[in-house]
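Each of the next two complexes has chain A plus one more chain, namely chain B in the first and chain C in the second.
The block that comes next holds the complex of A and B.
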């Protein structure tokens, strides 16, 4: 009888532990939902038309997207987020233009040509780069790169979209490099063997066989690089000059969505229209990164991989 | 035909090699510039004393101490949760099940959310929702304690950001534990939980260690999530309670470089602070790299 009860208590104890494990495993899932709900909640007055600025005028989504000016602190505040969205896109694209060719080139070199000893230099270097805190890159861009670029290109403004984008590239390179290199090394050995057997040289194999075959992986890499650059805060906050201008030039200062939240949230009044707008901007950032992740997850990994590699 | 192909090949090789060289050069330039700029100001006093004269001289001890408290509190929250999630994914569900896919998707999504959004969430959820309700329930009306930026909320926000790092690390370690060990344990009559406690957990210790170190490194380096959840510009006293605000290294770099009263005079302090932060994260990452390579070479045997 006693052994039976003994066993029974073990079972009860185990049941409690296993239930706790199951419950805790859902923390990450629960918090994704909570992030969605609570960021949206603080932006809600704006979405249901209940937000008003200091002068009593209603702040609506339509005004947000149509106004050309971002002037949240004035007697008649206007919250034109078009300039901020354009700013984010500009800086992100500049960073991708710099980072993508460099990363893909370096990944091709590492995966195809590099002897073992150079791999032992490149990979740790990339890991070190990935480990740089963004505020360190931001500091380097603000103090060192900005002056260097200004002299090099003869720019009017010290802090501008070009400098910010180039600094941002430092944060994006590790992502694109790592994912591209993974995609290249994951290709079946037969690709290389067949290509070489047909008389192709190493560089021809790399450029015309391996790179095209790894396209879905490279595409995913650039997509996730875009996500990282679009949401990055400290680098752009420190290195882009933070002026909300609705222009397409790349040598003038820009203000991005993330930098706006970072710079203004601490000073804003709780429950104010400005507060709601900043949370709405955060919701935009969340939506962009979430969508990119869904695309990378469902579309690229499953369908394209199958089509290009022919393997399940 | 043939020589031109050889030339093309040479050009292609030079181009891809050049890309690799440029990236390595950039890493070296950033590190050398910051260490060169900070070395002159760095001293024992610099890391053991508080800032003086309105932060235009003195050291950065409060920022180091605040960073330490923050990553410590964060680790206490994130390491158990991350480890348990990884155990659940590896031991309780098949990787093909809907549940496992959902959780894995959540972890991937969490890893991709911009850090500033975590900051907003920390403000909207921890401070304005949880904190406000705690104050309403625990304190006399009008008093505020938890509905303000503080160490606890900043640490939990950072814990959420670093959760994927821990999960991925621990899962990788669990995968290196041979199947036979588990089956032997179960065959000897051990229950699932006994097997996890005696076989899986000890076997994944290096993964937990690596994950913890990487999370601390990431947490010490991120600034955006704590901008409005707990970091302070300057505090005369060291933080002692979870409801206190704190100074932090990365945040210190940011404010010194952008909001200092005399940016030129404090250049040495800025470089030295950045150097401390850079070397701290570098050392942590390097340690994690070594632990992980030991783990991998053990798994291969």
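The block that comes next holds the complex of A and C.
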């Protein structure tokens, strides 16, 4: 009898723990959905064509994408988000161009070449960089990196897309590095052994066997790095000069979506067209990072699994 | 809740005569231009009145006014007068038009790099520079170099004031680089030989201030106590404090003190100009 009640209490306890853990898991899912719904709701007047600016003129999605100027606080406000989207893409791509080769190189080194003690210093050090407050990186870029790059390349603008992208790379490197390193070390030992047995040198093994085998993981790492760079606010707010120019040059100042939201959200009048547009920008950011994460996740799961089970 | 606890605190003090049983908290929020001044005021006032705590935060005039409308600050610092649309919002929320207090005067200074040979600019030239009509320093008597424009974020009262007074309501050139805070503008101009920026005269360290003339024929003035007070410096403005209702009790005492000779002395010390 006593054993029965004992089992019974264990079951009740299990049930309680199971349910609460499940609830926690679903709460985090609910948060994502709620944030998404909230952002979309605040942008809604714009999406259904009900947003008007102070002069009573309608603000439509077509105008947002076609207007060349971002001048939201003006006697004749214009909300041209094309320059902001271009700015975000430019800075993000620059940061990836800088960060990807560096972090993949570093990952190859620590995963394949480095002796154990070196690896145990380098890996945590780069991972600490991931937890570095972005406002500090931004400050560093504003004061030190901007002057350095200006003198190095003889740039006309001190604060520009290049400086911002390079500063952003500091935030992106740890992400790409860590995930690439994980992908490389997760490869079966046979890959290296077979390659070496066939007479390949160490660097040939690394470049032509291990790196190609880890491609899905590396690709996912770059995608997540892209998401991080695209959404980063403080670094670009401080280092890019924030002028919304519709140009392809990388040595001029740029204004990104995230910096715009960061700088203007606090001041905007609730329910105003400007407010709706900022939430629409938030919706864009959210969508981009969400889809990148989904793609990265699917890529790792499907492709990597296929390769290792031999189906590919 | 905060309001309630303050009232409750006052009632307790009144009932039992216990003196400083509970610290009274006055929150001040708003203009980054005023934040240095507001902090000095708060420090001096709290030193003399240990029973009152004055908490100051910046963020920009727009931020302060939003906070006043949302009821999250007691006093709002603003470097521009409230707009009608904002007063309407305050009225619907609190059924009050708010109370405006002019607490200091400020001259908007034009910052130039110390190596820049240009020393004075007229209002027309400034307008042409900031709207993008003039893009080279040689057109205003300087070197043959591109003018690099720096300004404030559009949440700043200085942004709106400069646009209305100097640009006569026109928009800034899209190439204007906006930076978070006057200190960042000063820092940028101090490192950029071809830069120009604007902001409060109090911040001007490591750069030089351009003399400004009303039009091409009139004399140029530097922003200082006499020229701003006399109104001969063409770009000067009032700095404001806003409260929701006619101030009473500790708030009234604090605001009266900022306008007193002692409070206004701090205004001059910080680099702004007294109101009277």
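Everything below uses one rule, namely that the second predicted complex is superposed on the first by the 277 of 312 C-alpha atoms of A that agree within 3 Å, B and C clash if a C-alpha of one lies under 4 Å from a C-alpha of the other, contacts with A are read in each partner's own complex, and residues count from 1 in each chain.
The rule we apply is simple: a residue touches a chain if its C-beta (ideal position, glycine included) is under 8 Å from a C-beta of that chain, and two chains touch if they have at least 3 such contacts.
Owing to the predicted nature of the structure, the values given are computational and were not obtained by experimental measurement.
Trainee: Overlaying the two complexes on chain A, which is it for chain B and chain C: clash or fit?
Mentor: They clash.
Trainee: Give one of first, second, both or neither to describe whether A:209 is in contact with chain B, with chain C, with both, or with none.
Mentor: neither
Trainee: When the two structures are overlaid on chain A, which partner does A:266 contact: first (chain B), second (chain C), both, or neither?
Mentor: both
Trainee: Pick one for A:241: touches chain B only (first), chain C only (second), both, or neither.
Mentor: second
Trainee: Would you sort A:285 into first (chain B), second (chain C), both or neither based on which partner it touches?
Mentor: first
Trainee: After the superposition on A, what does A:131 contact: first (chain B), second (chain C), both or neither?
Mentor: A:131: touches chain B, not chain C.
Trainee: One more residue to check, A:222. First (chain B), second (chain C), both or neither?
Mentor: neither
Trainee: Is A:98 touching anything from chain B or chain C once the two structures are fitted on A? First, second, both or neither.
Mentor: neither
Trainee: Could you look at A:143 and tell me whether it touches chain B, chain C, both or neither (first, second, both, neither)?
Mentor: Both partners, chain B and chain C.
Trainee: Could you say whether A:81 touches chain B, chain C, both of them, or neither, answering first, second, both or neither?
Mentor: So A:81 meets neither chain B nor chain C here.
Trainee: Show me the chain A residues, by the header's touch rule, that chain B contacts in one structure and chain C contacts in the other.
Mentor: The overlap between the chain B and chain C interfaces on chain A comprises residues 142-143, 237-238, 266, 270.
Trainee: Help me check something: in the complex, which residues belonging to chain C touch chain A?
Mentor: Listed in rising order, the residues are 59-60, 62-63, 66, 85-86, 89, 146, 148, 153-155, 159-160, 163, 169, 171-172, 174-180, 184, 187-188, 191-192, 194-195.
Trainee: Any idea which chain B residues touch chain A in the complex?
Mentor: Contacts found on chain B: 5, 8-9, 12-13, 15-20, 22-24, 26-27, 30-31, 33-34, 37, 80-81, 84-85, 87-89, 92, 102-103, 105-110, 112-121, 123-125, 128-129, 160, 163-164, 167, 191-193, 217, 220-224, 227-228, 250-251, 253-254, 257-258, 267, 270-271, 274, 277-278, 281-282, 285, 289.
Trainee: Quick check: in the complex, which residue numbers of chain A touch chain C?
Mentor: Where chain A meets chain C, its residues are 54, 69-76, 83, 142-143, 146-147, 156-159, 237-238, 241-245, 252-253, 255, 263-264, 266-270.
Trainee: Can you list the residues on chain A that touch chain B in the complex?
Mentor: 10, 14, 17-18, 20-22, 24-29, 31-32, 34-35, 38-39, 41-42, 101-106, 108-110, 112-114, 118, 121-122, 124-129, 131-140, 142-144, 170, 173, 177, 201-204, 206-207, 224, 227-228, 230-234, 237-238, 258, 261-262, 265-266, 270, 278-279, 282, 285-286, 289-290, 292-293, 297
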